[in-house]
Amino acid sequence: MYSFTNDYSEGAHPRILQAMMEANLTQNTGYSLDAHTSRAVQLIREEIRCPQADVHITVGGTQTNLLVISAALRPYQAVISAATGHINVHETGAIEATGHKVLAMEATDGKLTPALIQKALDIHTDEHMVQPKMVYISNTTEVGTQYTKAELEAVSRICRQKGLCLFMDGARLGSALTSPANDLTLADIASLTDAFYIGGTKNGALFGEAVVILREELKPDFRFMIKQRGAMMAKGWLLGIQFEELFQNNLFYDLASHANAMAQNLRDAITACGFPFASDSQTNQLFPIFPDELIRELGKDFTFEMNSRVDDTHSCIRLVTSWATTEEGVSQFVQALRRNAQLYKD
Amino acid sequence: MYSFTNDYSEGAHPRILQAMMEANLTQNTGYSLDAHTSRAVQLIREEIRCPQADVHITVGGTQTNLLVISAALRPYQAVISAATGHINVHETGAIEATGHKVLAMEATDGKLTPALIQKALDIHTDEHMVQPKMVYISNTTEVGTQYTKAELEAVSRICRQKGLCLFMDGARLGSALTSPANDLTLADIASLTDAFYIGGTKNGALFGEAVVILREELKPDFRFMIKQRGAMMAKGWLLGIQFEELFQNNLFYDLASHANAMAQNLRDAITACGFPFASDSQTNQLFPIFPDELIRELGKDFTFEMNSRVDDTHSCIRLVTSWATTEEGVSQFVQALRRNAQLYKD
Amino acid sequence: MYSFTNDYSEGAHPRILQAMMEANLTQNTGYSLDAHTSRAVQLIREEIRCPQADVHITVGGTQTNLLVISAALRPYQAVISAATGHINVHETGAIEATGHKVLAMEATDGKLTPALIQKALDIHTDEHMVQPKMVYISNTTEVGTQYTKAELEAVSRICRQKGLCLFMDGARLGSALTSPANDLTLADIASLTDAFYIGGTKNGALFGEAVVILREELKPDFRFMIKQRGAMMAKGWLLGIQFEELFQNNLFYDLASHANAMAQNLRDAITACGFPFASDSQTNQLFPIFPDELIRELGKDFTFEMNSRVDDTHSCIRLVTSWATTEEGVSQFVQALRRNAQLYKD
Amino acid sequence: MYSFTNDYSEGAHPRILQAMMEANLTQNTGYSLDAHTSRAVQLIREEIRCPQADVHITVGGTQTNLLVISAALRPYQAVISAATGHINVHETGAIEATGHKVLAMEATDGKLTPALIQKALDIHTDEHMVQPKMVYISNTTEVGTQYTKAELEAVSRICRQKGLCLFMDGARLGSALTSPANDLTLADIASLTDAFYIGGTKNGALFGEAVVILREELKPDFRFMIKQRGAMMAKGWLLGIQFEELFQNNLFYDLASHANAMAQNLRDAITACGFPFASDSQTNQLFPIFPDELIRELGKDFTFEMNSRVDDTHSCIRLVTSWATTEEGVSQFVQALRRNAQLYKD
């Protein structure tokens, strides 16, 4: 069985593991106050062209989202998200558990627009309703799409006009930035958002998300938040080492490019066989629509997530590639697809 | 100016004020442990035909909703509500502030159905998502509609099958129970729900909502919840006295009937003038759709809430009557409507 | 049986009830946006000599405390309180339920001092500990004592030096301000604190606490907090009317003076009989220490709270007077005390 | 510089790192639903002689404490802790952030006793106060002491009698169980508590705490809690692998024994030099009291935490050993101590 279930099925890139091995018996200061973390922070600041940014490295995505959002909002304030947003659907109410409403807006292709943000503002007019104060976007989105520079600029503009804090969930930011459809850089993102995070877990690290805080009001006391939410790692240098490696010698981008290339191969084959996609993704998550019998057949040798039922005889599945996806795995899938496509085609 | 803005523009029915006057200088035990409250609880238990129910009287609706919901749910559990539900829209995120997600379902006429509840269950399948555990319905709903006995039975049935706690917000329960379209009794509601409340604030009391708890697991320690949320009134007998009066000599039903009758007069006149309604209400809230110019004209002598824009030249307004609405007020509105209807009709 | 159990056993002063009666059928704007509330706010601003203060009137004390404290603190910040403070002991963890730790300091006579505040600061040094950011004091305290002007100035000074928000719980502020030991005015308190509240429930109102906000950062959006915590009263003018009456013609002070005078009579008699007090109170709460047999005897005709066991044969009880305490009630207690004092004296 | 600052200055035991390397490119199911975790859970169940226990592995201690405590308590319930307890002092109010009060009891040597627990119950009598429902103990404690079997049995007995949930924080459980003063086994702890955790971070793992849940009511839906609090690791098998190694071939005990032996060497030398300790620890944390000048001298070659000032010229420091502490490091410290002891002795 080969798995296209997600992008966190394998461990870390060997260079990262090697660095952890080498540092293993050196004594480090705890709680991310170590030299590895300092260096990782420095590398990230350079990459985003923002020397005054605060950078904290945390363990996982849900943790990071709840930290940033609860740090930014007063008790009665809410965060606007696409209805498909990770915080709205797949975090077991983590944001609400910190006391805040997620204002879910139905969006096309998983992306918020100025019009959707304005709509959320228009319907929240007084103190009987929550006060929208933050905008949460994911790049790539949960349906594999990504923001263009123009789209992000437009979202950023309305946020600044309306006093909304703009936060980008970058769990799969590597895949977005290395997609053929991309025209954004990390420096662009740093200049257009108030906070964002750079995902490591899904791009070659064992774990780790680097939170970048740009807005001044969000900076003070963020370590208090980290500690209180149980997100401060005793051996924090483990996080630092991983991001040191990712942001040396282009590793972060190389790994994401590989994931995207593997996805592109799958995408080409699926298209060639004549199957449609539920969303237009040029990143490492694909959402093809297949006949149910074909899905059953593919399921004999490959694992993947069922996404949604499309009609009585078709469903949408999710295929995910990663830095660790092998050409062989992809090639076997493509062959199996070609072999069965004719039999189960409508 | 005469106000149809809401049903809490005036104080209390004179009999209630009189009772408060008479008890004013008698020393009472504090915190709702007094004889008036005991008697009110007893009267309510008799009215709902449920001697083992727990009854607590609180000050207001948002307070009551957050109390019951946060008492019933574990941290990761969520409450299903119609998208128009008061807890979803008009309580400034009070439920989320206690840590729980409101699962808002788009509903016709403000009412949840077994199909909508099943849909909420179907899309929440594992520990990455909140666990739906409670169903919140309002009767009357926020758009003036009401549940029939058959509808409530159907909702109750699926809740019991699926282990969901069913809670009815009865801020306007008096209006529902005395509407011509009603076939429910308080005893029916007590047998079909796990908890509900009987609204006093909008039906003749100065303030006060009587929370009825039927489900055994919800009963223990509810007074701890009340105190912790700042909802325990020092002079709790003030709440007891008001519900004593409401549930003696039919006052609760008489006042609601009056409000409904006043609304019926408005409804008849609006219909006679040929204007439609946004929802089919036979209760004390009406949602007529008028030309904007007519609305402007009526606004010179009457106050009411703008509900929503319908098209470029029409809007929906909300007219609310109460136990205190005068026949004269209604009659003046009807005259003003008739006078202007022709002028501003399309 | 005559009750000295608390200062909320009776209803409201007749002038207040009369005002509520007169306004009963007038239509008012809801949610404290009415003319009575505006006028009450104006009267309070004049009384405290602070025209730019924000004033909101809420229903009860626990509600008020949790509102102000949760509005002022970020998630990881804590409030310093005397260990005897109401928020630390008698609010069922209401402050913690909003997410904040109460830092309880052992204090003499229920009062915080600069030294105690400094101690709390000294032991909270980094992000592994909560960050003290607010100081909560009660005046009168929970043991009947009160702050002198010099004491309050000293507390205020350290708070300003250290960036701490100073909040005074004034549930019994009337009694403090009319005590013979008092040298503070409402205007002093307004100039020395960041927020405080003026208790109505325990001083002649049916219910109601007027929250005064002085610090600019605390002012914005406070009505969102009120609504979210379930503390916004639909018929908010009921609160306005009560404070209009209290701050017209000196009623607030007259009622508190009466309560203090009644307590002074009890205190004189207890002292004359040779019994000591657990705290030196010149306000409306007394904490005499009596032989247990005397307590039993007094308990036949009077109700009061047991405060604490002092030794095998003595206990401390709490006697509370109010605006409604009658001279006859006091006189009967004094007689019973004198009659039994000899019999049960050591 | 050699560090005795804490027991998380180094990475993981080589066998653990080796196992992580070997598994690195194997595809694993995410979110702790993998075979390594299953095997680790099985090994722990065997070790604690409790096949029906639920075991979940989380990343860190604060996270674990807040998860277990917030899963066990209803909103108005509180947890009893020694005043020195980690949850009371060093978790930035993490427990309060989930809504619960920590009832801190002043304790000798960091340990709760039945008398202290009873005292907490005695002063919490009604719904105006929080309801104590859980007891939190640490073993070893924050001052290096440990519970004997008799002490734990006594604490367990009162908890069962009074319906309190007993939770042991085992961040340093390895050190407790391998101390010469120990007479407890993991199986004893499993039979005497309702939940506890076995610390990995401070005993040879990179990170990881194994939460063992014994009480049936605590078991359902714990994974929802883990996810909601941001504590569910995508690559959860990393946790599984580490505990597999720790509970194979006695590694968990061997590593803790080493840490204790290193501490014992320090302790013997300190005692031989005639210096006292602030607490009687036979575990991996020592709290010697030294003259300030000696501390300054030792600080030139070693790092450690200042614990507290004892008098004008003496302070208590904390020395911590771990599985990674070298004999050489200890020996150098002992030499430096001997060399300077005479010079700086009183």
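Note that the chains are named A, B, C and D in the order they appear, and that numbering of residues resets to 1 at the start of each chain.
Operating definition for what follows: a contact is a pair of C-beta atoms (placed from the backbone, for glycine too) under 8 Å apart; a residue touches a chain by one contact, two chains touch by 3 or more.
In this text the structure is predicted, and so the values were computed from the model without any measurement.
**Student:** Quick check: more C-beta contact pairs at A-B or at A-D?
**Tutor:** A-D
**Student:** Using mean Cα positions as chain centres, tell me which chain lies farthest from subunit D.
**Tutor:** B
**Student:** Just curious, how far off is subunit D from subunit A if you go by their C-alpha centres, in Å?
**Tutor:** 34
**Student:** In whole angstrom, what separates the CA-based centres of subunit A and subunit B?
**Tutor:** So the centroids are 42 Å from each other.
**Student:** For subunit D, jot down the residues that touch at least 2 other chains.
**Tutor:** Residues 75-76, 91-93, 97-99, 127-128, 130, 224, 227-228, 232 of subunit D each touch two or more of the other chains.
**Student:** Over in the complex, which subunit A residues touch subunit D? Could you list them?
**Tutor:** 2-3, 5-6, 8-12, 14, 17, 20-21, 23-30, 59-67, 91-94, 97, 201-202, 206-207, 224, 227-235, 238, 324
**Student:** Going by the contact rule at the top, pick out the subunit B residues touching subunit D in the complex.
**Tutor:** Against subunit D, subunit B makes touches at 70-71, 74-76, 98-99, 127-128, 130-131, 221, 223-228, 232.
**Student:** Subunit C touches which residues of subunit D in the complex?
**Tutor:** On the subunit D side, the touching residues are 75-76, 78, 89-93, 96-102, 104, 127-130.
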